[in-house]
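Each of the next two complexes has chain A plus one more chain, namely chain B in the first and chain C in the second.
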Partner chain A sequence: MKKLVQDDIRTGVFICDCGSNIAGYLEMKELVEFAKTLPNVVFVQENLYTCSEGGINEIKLAIPRENLNRVVVASCTPRTHEPLFMSACEEGGLNPYLFEMANIRDQCSWVHMREREAGTQRAKVQIAMAVAKAAKLRELNRIQLSLSHRALVIGGGVAGMSAALALANMGYEVDLVEKRDRLGGILNELNMILPSNEPPDKLVNNLAARLHDNPKVTIHTGAVVTKTEGYVGNYVATIRQNENENKIKCGAVIVAIGAQPLKPEGLYNYDGKKVITHIELESKLKQGDVQAKNISIIQCVGSRSKERTYCSRICCMTAVKNAILFKEASPDTKITIFYRDMQMYGVENEQLFRKSKRLGVRYVTYDPDRPPRFDGESVSVHHLRMGRDIIVPTDLLVLSTPLVAQDDASEISTMLKVPINENGFFLEGHVKLKPLDFATDGVYLCGNARFPSTIREAISQGLGVASRAAGVLSKEALFTSGIVADINPETCCGCLGCVAVCPYGAINFIENRGICQVNKVLCKGCGGCAATCPSGSARLDGFSNQQIYAQIEQAMAV
Partner chain B sequence: MLDVGRHPKINVLAYSEVVDFNGEIGNFNVKVRQKPRYIDASRCTACGACAEKCPTKVPNEFNFGFDDRKAIYKDYAQGIPSVFTIDPDHCKVILGGKCGVCQKVCQAKAVDYEQKESFVDLNVASVIVATGYELFDATQIPEYGYGKIPNVISSLEMERLLSAGGPTRGHLSRPTVIRGEKRLKELPKLIKKAEKDQKEDQKQLLEQEMKLTEEQVHKYHTAKKLAFIQCVGSRDFRFHKYCSNYCCMHSIKEAIIAREHERETESCIFYMDLRTVGKGFEEYKVRGAEVSGLKYIRGRVAEILQDEEMNPVVYYEDTEKRQVVGMTFDMVILANACSPSKGIRNISELLGVELDENQFVKTSPNNPLDTNVPGIFSCGCAQGPLDIPESVAQASSAAARAAEVVMTEGLPIAV
Partner chain C sequence: MSDSQFEPKIVGFLCNWCAYAGADLAGVSRLQYPPNMRTIRTLCSATVGPHQILKAFQKGADGVFVGG
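And then the complex of A and B:
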């Protein structure tokens, strides 16, 4: 790249009226005249709308005509319009990173609507700052990378199976890795599923058969992923199966490792026989091994507590489902559910809840400060609605314990450099808007690994995650942004400060050299590392110290 | 929304509806009617000069009539596509009168009073129905007084009042105060006119109204004592038997935000079961009580009446204390149920898609995105009440199902 000396810099400034949004509140003529006086500025143009086709064309034509090598647009917000102006520069033959924007609408004319003179002064400073920074800008390039169009799904439960099948149906090769010897996950332990009213084996077998028949899918059962290296588009994963290790290349990784029921050791004299968990009840029912006539079910055992703060989402409906199945099989079985809030959200659950009441299931609310007690013969509790203690004879006590994170969740989180929350569930990129993505590109999450889910939700999330991953896999090539961080290996002292602040897992510590290195594919250009680095070794291209200082100088010059 | 608007592969047809539909998976023909905006969308830059100068004020339905918009308008600043629209029911020119101000001030020359509806024909491999829901109309429950007692509002009205971009800029004014402030601007003129016309009785009445309104506006400047009523129209055998899924959380959220705006706010949430099943929801509920002082009262509200100062009085049975109680509030916020949208019947007939007994799009637990018509999928509240994370996840899922069709059925793929 030809190094530009200060004298070579020829900046064009385009000042937008934004109809009356800017021109209505600021003295545009004054801004134009002022911009002409700034160093390196050789061309200034006022547009009614710089973003209109006409305005964009003027930028494209002015670059070669005026021999511009920097462009500044003073207009609205870069949030909506920066990409547009950058591509206009590119089409005009200028590196798009030699462009700078001054937001004189949101940050100036809108907030200083009633202060015409002061607002105009302020806009001048903003333009001067942008022009000063523009002079210091350097050409940046987006790097193009090839990628693998294969996906790796870790976990062969219903979520992982749904994800693998959807990806294969879209035409991508998939490796599905399940640590147990067969697919199905926690569904293998269940007895019946409602409201579809079928044994879970039917669903599992159906999905498994379709996966087996699909030539795009490679199923690895009794296998674990022991190592992953690389980044979005270019992962190499090591799969260990019966002492054999093999490496596969993949472009995206899906975490679908599920969750496990909590064993309530020490609670309610839990013994796995007379006092069992609801998952153990499912297994017993499957074997036809339940004779009890007086069944009590206690909700929120080990959840919604100080120790485990969350509601496990699925236990209320599991309890209601089993109560219905009992009542339908033998109507004279007495079933009492001790609960705090019945979490039967939505349409289908509420319907089951009503049905259970119709069948005569008894519901008793308890106060978490005065939980039920079990003496081996009966459950006694303070009935919150009746305001007195009641005793319920019980020959089988079922404890609705929450789903908790898998034992290997934290290992997998470390391996893939993606976060888990305080309960060990994987932490999505944004709880509302990116429920199936991690902040790191190329890694996705679904099912119970994210948070307890119903079967319907797990299937839906499995499909959803397939479409998130396909967003990467369908690309012919990946491009990095030009605005990425870089760490000077000469001065980096390997303190790991940057690694700790990077939200995208984009910085690696190179152990044998004792330094940190930015993965430019994963870097999102947030600048956290550059701000943190105590030795000034990390810098963000497009926001270098020099460039920022140039802006600050202009701001202070007034 | 911005990403959708800017995506090179997404063609947004807003202000439009499907009018004809036929074909089968891999090959659906869809006719879309685009209603006239009376604006050339390719020219409009959404600068807003037109709306600023338009002389015709119309109650703003986006803010539930708490403020006015103009006859040329945009629901809110960030809306996509970023284009203004002329309301043909109120624009003087379109109604045959004289005006034309917007056309005069529009420097982009985008205003076109002659614009006609247009039709777009599409051929697609797959269709996703994501028509959402409607708020349950609480006037159907007369004992809650919605529509009669002004300070009983819906959950969405509350959202607008709390919004920084809303009619009160986020200040929690109750409806009698908002209307009172508006009325106080008119009253002095009316009193003067009555004086001029020598209508003494009328003048006295107006002066009395002025005094009462001033008191109301002054005393209740900020609504500080709030009641949130859950399950309004849901879990109710007269209306929707189902649970609307998200309302417990939005009431807690609104109560917490109200408290953040005004430290003295006290909120009570009246509920049957507080359903906090999502990730972090239970923790949020507990924080609501511990940090924001919310009171959760288990009990269904029987009736809401009004005292002489326009304060709603809530009568309920406290099921934990086993007594009937009446409590006075500054404002009551109803957690309206998630009702199926009215237009869904029409869409379902056009597309041949089956609805369930609640009039949501029918899906099955093992195929949660599939409708009865191969190639047509549905997601979000069109198939039943869902919260935001589940809706977003489902949207991706529906996209995956559609992609399977597009990438296998439509285009043969190499094996």
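And then the complex of A and C:
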């Protein structure tokens, strides 16, 4: 191999043992000796754990001591550890974009565990490739952006109200947009909340009063968000209220649009009178308008079925709650709950379940293949334990239907460019690591819009989402990645090829100059423009042709 | 070189967000595969231009893998 040394490039290579994760499968001494022979390499160090405090310190100290102007770490994957090593370089006084990683664990020692020699050979090549690319790296700078410290909350149910109030209490301006004429969402239709045993109005009025009294909060009722533009820190949302449209600037957007109960059209002769849903039952109870003495409740109506496979989670608790309220008001009322499985998790719910049994509520399991039937007078069902049909006289049949997505969920998903799942519920960025964030920066989700949740869960998520959004809103400035595309205005001929492929709309055509220009804030660094540009004017620094060519050459040379 | 000794050199362009993550996951899962590939991480498979693929062949690659 020809040794092409660029005098001014001084590369330090740090090779990590990762305990025995790498050192157990590759010849570390061989890698160290090999790295020393590579062009521009002036310093090589083996670490037990490069990512430990000691390892990071060695990088920080070696940069000034060895006068390094490039750093290569051969260890795990840049997907997890690049930010850590980049900041070590920065603290050592080196531009963080003069750093490169060679993945010799996840994509080498772990996948070639029984091929020590060939694995070591691959690790050598990956190190040589990283060193060659490092020599071609240039200093890059992150772009600093100003931002709006205001939040937009879409949806004025209990989750949205909790989020808005928490943000306002942290000192941020909040716009709370509710499409109906009053705040409270689905709580306005409920009769009573257990286990606290209080009317939901109390909670709604309490939150609404605090929101009204808070000077940081602007409440828009009877209003919808019709358009959003921009990016994290700098969104512009259009709010339509009574035919008037106005635009507001905000740094973060919270989706809290809730869900709606399914109307079980065509199931069990549903008519809204003798056969009703829980939400209709609660309205009737609120008005004191229920006379029935024989009440049957059927669970999982329209859910856990072929067309709607999910469990709505809250219907069991609702059924038990209403059964208890009936029994307490009039112990003579006969109540039978037909169920498949009871979802009563948590100590308090478990206690309610037991209480309902103590009060005499009857539970009958049914097989989804032989569901209960209702003939207008009685419910009959195949009793699994007795092995024969039983008939339960019924003068009010209540159907436990699931919460389903709002009608405007897909519209809002398109507007904010955030995903919904096959059932129309909004999809979080990661089920465990980012449960309240979307993959899109600056947009968050909570409450029933995400999935059917209890009031307590909706409040917790509202508070959680406020804290997530505050993570952005509290910053004095935002920084974009330094790896963004650039178009050379001298050679660009304005063919618009890049404009057509850019998925982020980050390239503008400057008409009077006849050239294209990258908006570095919107650019996500995918490099589509660079691959498309016929004149080579568009380039993605950090992954430019010259840098990739250097890697290819080493991949084949060693 | 007889066929039985032939070890192809493969250049793999892997998108950071999917294929590269998949290759990492293969490692985390300890899936074993032949050590013939040399990985080049890209920020998107869209950035892999025809020039880069041709360059790999020009330099002697027996195969080019673009994962994205």
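As a convention for this text, the second predicted complex is superposed on the first by the 386 of 558 C-alpha atoms of A that agree within 3 Å, B and C clash if a C-alpha of one lies under 4 Å from a C-alpha of the other, contacts with A are read in each partner's own complex, and residues count from 1 in each chain.
The rule we apply is simple: a contact is a pair of C-beta atoms (placed from the backbone, for glycine too) under 8 Å apart; a residue touches a chain by one contact, two chains touch by 3 or more.
From a predicted model like this one, the values you see are computed outputs, not experimental measurements.
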**Message:** Taking the superposition on A as described, I'd like to know which of chain B and chain C A:Gly155 touches: first, second, both or neither.
**Reply:** neither
**Prompt:** Just chain B (first), just chain C (second), both, or neither: which does A:His112 touch?
**Reply:** second
**Message:** A:Gly387 in the overlay: touching chain B, chain C, both, or neither? Say first, second, both or neither.
**Reply:** first
**Request:** Have a look at where A:Ala531 lands relative to chain B and chain C in the superposition and call it first, second, both or neither.
**Result:** second
**Asked** Comparing chain C with chain B, which touches more residues belonging to chain A?
**Response** B
**Request:** Considering only touches as defined above, state whether A:Glu350 meets chain B (first), chain C (second), both or neither.
**Result:** first
**Request:** Kindly classify A:Pro200 by the partners it touches after superposition: chain B alone (first), chain C alone (second), both, or neither?
**Result:** neither
**Asked** So, A:Asn545: does it touch chain B (first), chain C (second), both, or neither?
**Response** second
**Complete:** Where chain B and chain C land on the same part of chain A: residues 79
**Footprint of chain C on chain A - complex, ascending** = 77-79, 103, 105-108, 110-115, 118-119, 121-122, 125-126, 129, 483, 501, 525-528, 530-532, 540, 542-543, 545, 548-549, 551-553, 555-557
**Complete:** Listed in rising order, chain A residues that touch chain B in their complex are 18-21, 24, 48-49, 51-52, 79-80, 83, 166, 169-171, 193, 195-196, 203, 215-216, 304, 309-311, 313, 341-351, 354, 384-385, 387, 425, 431-436, 446, 450-451, 455-457, 459-468, 470
**Item:** In the complex with chain A, residue positions of chain C that touch it
**Value:** 9, 11, 16, 20-21, 23-24, 26-28, 30-33, 35, 37-44, 46-52, 55-56, 59-61
**Fill in**
Listed in rising order, the residues of chain B that touch chain A in the complex are 2, 6, 43, 45, 47-49, 52, 107-108, 235, 241-243, 245, 273-283, 286, 319-320, 322, 356, 358, 360, 364-369, 384-386, 388-390, 392-401, 403-404, 407-408, 413-415
